[in-house]
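Heads up, the next two complexes both have chain A, just with different partners, chain B and then chain C.
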Partner chain A sequence: MVRDYNNRHALDQKLRGTPKPANADHLEVGHWQAIATVLAHVGLETAVERALSSTPELSLRYCGPGEWLVVSEVDTPVGLMRRLDMLCGTQAHVVDQSDGRVLMRLSGPCARRILAKGIGVDLHPAAFARGGSTNVLCGHIAINLARTGEDLFELIVSRSFAESLFDDLMTMGRAFDLSAAFSD
Partner chain B sequence: MTAYRLSSGGLVDRSKALSFTFDGRPLRGFAGDTLASALLANDQLLVGRSFKYHRPRGIVSAGPSEPNALVTLGSGARSDPNTKATVAELYAGLTARSQNRWPSLGFDVGAVNGLLSPFLGAGFYYKTFMWPRQLWEKLYEPVIRRAAGLGRAGLERDPESYEKSWAFCDLLVVGGGPAGLMAALTAGRAGLRVILADEDFRLGGSLLSETETVDGGAAPAFAERVVAELQSLENVTLLSRTTVFGWYDDNVFGAVERVQKHVAEPSAKLPTERVWRIAAKRALLATGAEERPLVFGGNDRPGVMMAGAIGTYAHRHGVSAGKSVAIFTSGSSGYRTARSLSAKGVTVSTIIDSRPEASDAVPHGVRVIRSGSIVDTKGRQRLSGIVVERSGFEELIACDALGMSGGWSPVVHLACQRGARPVWSDALKAFAAPDVGDTLRVVGAANGVYTLAGCLRDGAEKAAAIAAELGFNAAAAPLPVTETEAEPSFAALWYVPGAKSKAFVDFQNDVHTKDLGLALREGFGHVEHAKRYTTSGMATDQGKLSNINAVGILAGMRGVSPAEVGTTTFRPFYTPVSFGALAGTSRDVHATPTRKSPLHEWGKKHGATFVDSGLWFRSAWFPRAGEKTWRESVDREVLNVRANVGLCDVSTLGKIEVFGPDAAEFLNRLYCNAILKLPVGKARYGLMLREDGFVFDDGTVSRLADDHFFVTTTTAMAGAVMSHMDYCAQVLWPDLKVRFCSVSDQWAQMAIAGPNAREVLQQLVDEDISETAFPFLSARATALRGGINARLFRISFSGELAFELAVPAGYGEAVADQIMEAGRAHKICAYGVEALNVLRLEKGLLTHAEFDGRVTPDDAGLGRMFSAQKPDFIGKHLSARYGLTAADRMQIVGLKPVDKDKDIRAGAHLLKEGMKPSTLNDQGWVSSAGYSPVLGHHIALAFLKSGRERYGEKVAVWDKLRDHEVIAEVCDPVFVDPENKKLKA
Partner chain C sequence: MASLITCPHCGVRPKEEFAIRGDASLIRPAPSASDEAWHDYVYVRANPRGRTVEHWHHIAGCRRFLVVERDTVTHEVYSVVDGTAAAREARR
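Right, the complex of A and B next:
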């Protein structure tokens, strides 16, 4: 028997339903995402980083020496794996995390103030510039945080923690009327 | 004494009247009042009863050092005990209640303690511990504890909400008085990221009660201008109502902001309080100085206040503390206050100066008594007069308010919280801040600079210096113009001799001079001992006013300098912080995060009952209609798996991908069994030891390619194993070429177990999964029909023919649905962790109930897995220790109750039949127990001394906790299918 399988998003329970209008401060969650861990072979860290950075479709999130989460907004999970294999398959190990991580995009004038309620890292542009990323705790939960714009941050969290992080973020944003929705 | 609202003046908004109640009595104040100023304006002098003697007490200060005016705000679950009326901002509808009195504040039965005071001296509480012993529990403890005390903590759930926030800055300025404001302004203009925190609801500090002019205008107006400019600067954050309570490592400060303490109807969008963690490159303490009380007879009568506080109430709040005010001073500040009060129209009758001579200007019409002292006060629940002594002559002077001014103590608390002690300064006659380096500096009155001009300059200069250090260009701004002012001076006066009644040192804990004398006589003269013996400085105010006098008195009695006595230890918190604020949002369900399996919704759909398992929710069992107990559901699930097939969610297992040319070698050193030669496409059970030879964790190792492994861990140890691997790779064997990452969340993993498992699963995969093509312990990446990537393993934790299927997490539910549908004809059922546990128990398979950190592989019956041939692995060497190889170690065995109706309970101990229970006779313990529906009776796994030699022996299973004892037969731990026929079907 040939089957058609549905992929259930980790925040399906939280976000399914009629879309609400986005407020100035908004948490957007993509229904689909392509994320992979890239582990550079020992000694080839710089080469791998160079190869990854030179591809405009890919966004790199630093996780540790020679280790990145690579996010693509144009690829499917399988497509991203193929692209990464071709790009650095001989120099790095590539692991699909598209189902294991949830990406949330926080935007708005108060984004920094919202994140400051859970994150002990200075998010002033002088200290955490656009393009910066780091593994950090948000409250009790480990995430990878990246700044992708002046008032735009992306949080990547392990799937099993996604609901808890979502609840925490909504509490952190309550004073600013933070809204949330799937992006598509 | 009659306190009253002055006809004009003050920073209160007289057009905004606010109603509030005190002990049920309706009163009115104005916006801008504190509860204390509003109480004074209503002539409510008596506000509380003291801790021990239940003496009537009134307001002493106008700030956070207040020892007496502690009240309970609000009611029911919202009540807030021990709130200082002097810092509580008045709002419409506020309700306040006095504390530690019964039946009423005016008539308090506990005041009888005052008559018993000869028996209630310092240390009496400790002496009740000694003798007679019988009285302790029945009499002393309950009676003393009820009689002494402050407000009562509520037992209802706290309805307020709290939160925490981080903040980062170049400069944190603590205190928004003249020095702090100038510092913030200078740094703010230079472009530094500045945070200015002040505990008051209005910024300005002493400027708000200052009578001198600044830049030709009123001081409060100057403060307002500076605050307005600071507000306009994007790089400056102003935090009013915020107390900086602690200084921690890396120049991180803790602060609590009272966001909604001053509103009757809090908004649900905001917390009541917010704790800030402020990481500052530099900090300036502009915390000001505290005026010292004087220790004289009857100094605790309501109406006796700090002189500066009387000034503050007059100037800032437009309230006069009395119709006729006297000032008792040991320095020039008393005169300054007298002048400012006179200018405000408050009648000052007398200044009693302890010094023989002084050049301070005396306001017109005020009598000055030099070399004078006060030896007693008169009045019942409020001051009516003072007994002044001079050269042996006593005089009763009528007055209804008395201001005390015993000099100044810089507030250096924060600077001393990380080990450095304050330093005695002979020049200041006070303890000054220690030099703690560049990151924290002290400025203004906290630095012993007491003139307004000096504070403004000190703030500006130190901020400019910090700006320069941090690479900013701070242009020198002209300092505000102030009036010429003499540096205040005072004589240290630790206590006033000749007291005719109790002279209190610590008001809040009712410690008087004689208590300190007793402490010294009984050998508790060291300042830390004296503190604990007398409780001086141990109250909620932590002796902010009193400690300096206690030190001075001890120094006097010992005949040494206060420098030699030193101070007690300063620790966070500067003022009390509620537990709620410290917990922030981490309470109730948010106390820890919750983890959900990708099959959580699938479980719900099938009616799962969930169980907390660490942070996870796991499906425990799936009750069906008619099943009344969990056992019925679990028994059915177990029997169905053994007879047909079942599906269980095992997604919570830790999963790690291991890569690299040295991956096999790396794993070979991590596990105690051989991994090196594991063939590609095969899985193996793996056992990890700790360095000390005990079992750390178990799981499976599958080789997917030469340089690619997939390992699983137990749910509980997923994080610990990952850290262990990181440690080993980075620290122990950095030469190994290996990389790994967690994929625990990427895969939904299902166990499909039972004789029909293959028929069910074969419907979803094209691949041949027959016994020949995919035998026991096969492992392979594959794809489901429909194109989903999957991993398939032939492993079993039930003893049945079983597979584990992993698919990308998002597809988990859809795939599980398909399996259930495909399995319908084969009588598939969902089974939970309880059934999983029974299935493994029947097979003698082990979990962390057995691997409790005291168990070696041999103890667990896994001695064959210990690969002594391997050159090295973690745990190998220490496993050879005698204790770990001794013949009488406890070994895993099975237990069956002799009487088949009886149950065995986990945690019970084992004894030889007929032996008395004792540690010496202890033979072992039960690690896991449960009912086997296959056998129809209870079974258990246990650790028993030399257990493997004792099959067939009867032992007593003794459980004192649940008062339960049965006789059981020792047997092999594998209860069902010991030949593993079903596994390899």
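Right, the complex of A and C next:
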């Protein structure tokens, strides 16, 4: 029997046909994003971190000791896996998460105040600087939060929680007129 | 309940990010130990008033097991260390 499997984005139902003009505070979701989990073998944490940070195309998101989410802006999921295998093939476990996680980009002057409604971490730049990232609870959902700019945050969430997190974020942002759309 | 825990890997976090897995001071009996010793180890727990040592799991953060020493009366947290580090220290 032949079946057709459609590769639909986790937020397809929420975002299809949403108006494009973005408000000052905006939540942007990429159509696809290459993401992988890297877990260093015991004792090789610093070697793996050094190998990963030597590549400017890769963005490292801290999860825990010896564990990162690696995000690539330029690679396809397959390309990212190939690159990571070459960088740390025998030193770490690498698992493709491109279909398993959803990345959302929250930007705008009130981004911090929006996040503060659901996150118990101090987001002042002195405490959570640009380039910083951490696993954190947002409402009742565990996410990885990264600061990529003064008023720019990236949230990575498990695919199955993406719709729920999206709804939470829109509720958190309602007072600030938060808009949302797929990126082009 | 102590409401802010300073995770050695993640920094200061609200207790909602953690799951408490119970007494960290128990020592597993030898496999050949008596049934009573095993029964005590598996089932019998004190409910102490004051200083206690517990395993906390940072579920929504680094997902590491931590050993938290806190006071159940004053809610003061005395120390938080990584579970692996604590076990290594104890083995020494």
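By our rule, the second predicted complex is superposed on the first by the 176 of 184 C-alpha atoms of A that agree within 3 Å, B and C clash if a C-alpha of one lies under 4 Å from a C-alpha of the other, contacts with A are read in each partner's own complex, and residues count from 1 in each chain.
Keep this in mind: contacts are C-beta pairs under 8 Å (C-beta built on N, C-alpha and C of every residue); 3 or more make two chains touch, one makes a residue touch a chain.
Here the structure is a predicted model, which is why all the values come from computation and not from measurement.
In the superposed model, A:Arg159 makes contact with chain B only, not with chain C. Of the two partner chains, neither chain B nor chain C is touched by A:Leu169.
After overlaying the two complexes on the shared chain, residue contacts for A:Gly120 are found with chain B and with chain C alike. Judged by the touch definition given at the top, the superposed model places A:Cys110 against neither chain B nor chain C. When the two structures are aligned on the shared chain, A:Tyr5 is found in touch with chain B, with no touch to chain C. Which of chain B and chain C touches more residues of chain A is settled by the count: it is B. After overlaying the two complexes on the shared chain, residue contacts for A:Thr134 are found with chain C alone; chain B is out of touch. Touching of chain A by both chain B and chain C, each in its own complex, is seen for residues 67, 120-122. Taken together, the chain A residues at the contact with chain C in this complex read 63-65, 67, 120-122, 134-137, 142.
Across the complex, chain B meets chain A through its residues 163-168, 193, 268-270, 277, 279, 585-586, 590, 592-598, 601, 616, 657, 659-660, 708, 737-741, 743-747, 763-764, 784-786, 788-789, 808-815, 818, 822. By the touch criterion stated above, chain A contacts chain B in their complex at residues 1-10, 12-13, 37, 39-42, 66-67, 77-78, 93, 95-101, 113, 116-117, 119-122, 124, 127, 139-141, 158-161, 163-165, 167-168, 171-172, 174-175, 177. Contact residues on chain C toward chain A in their complex (touch as defined above): 9-14, 16-17, 59-64, 82.
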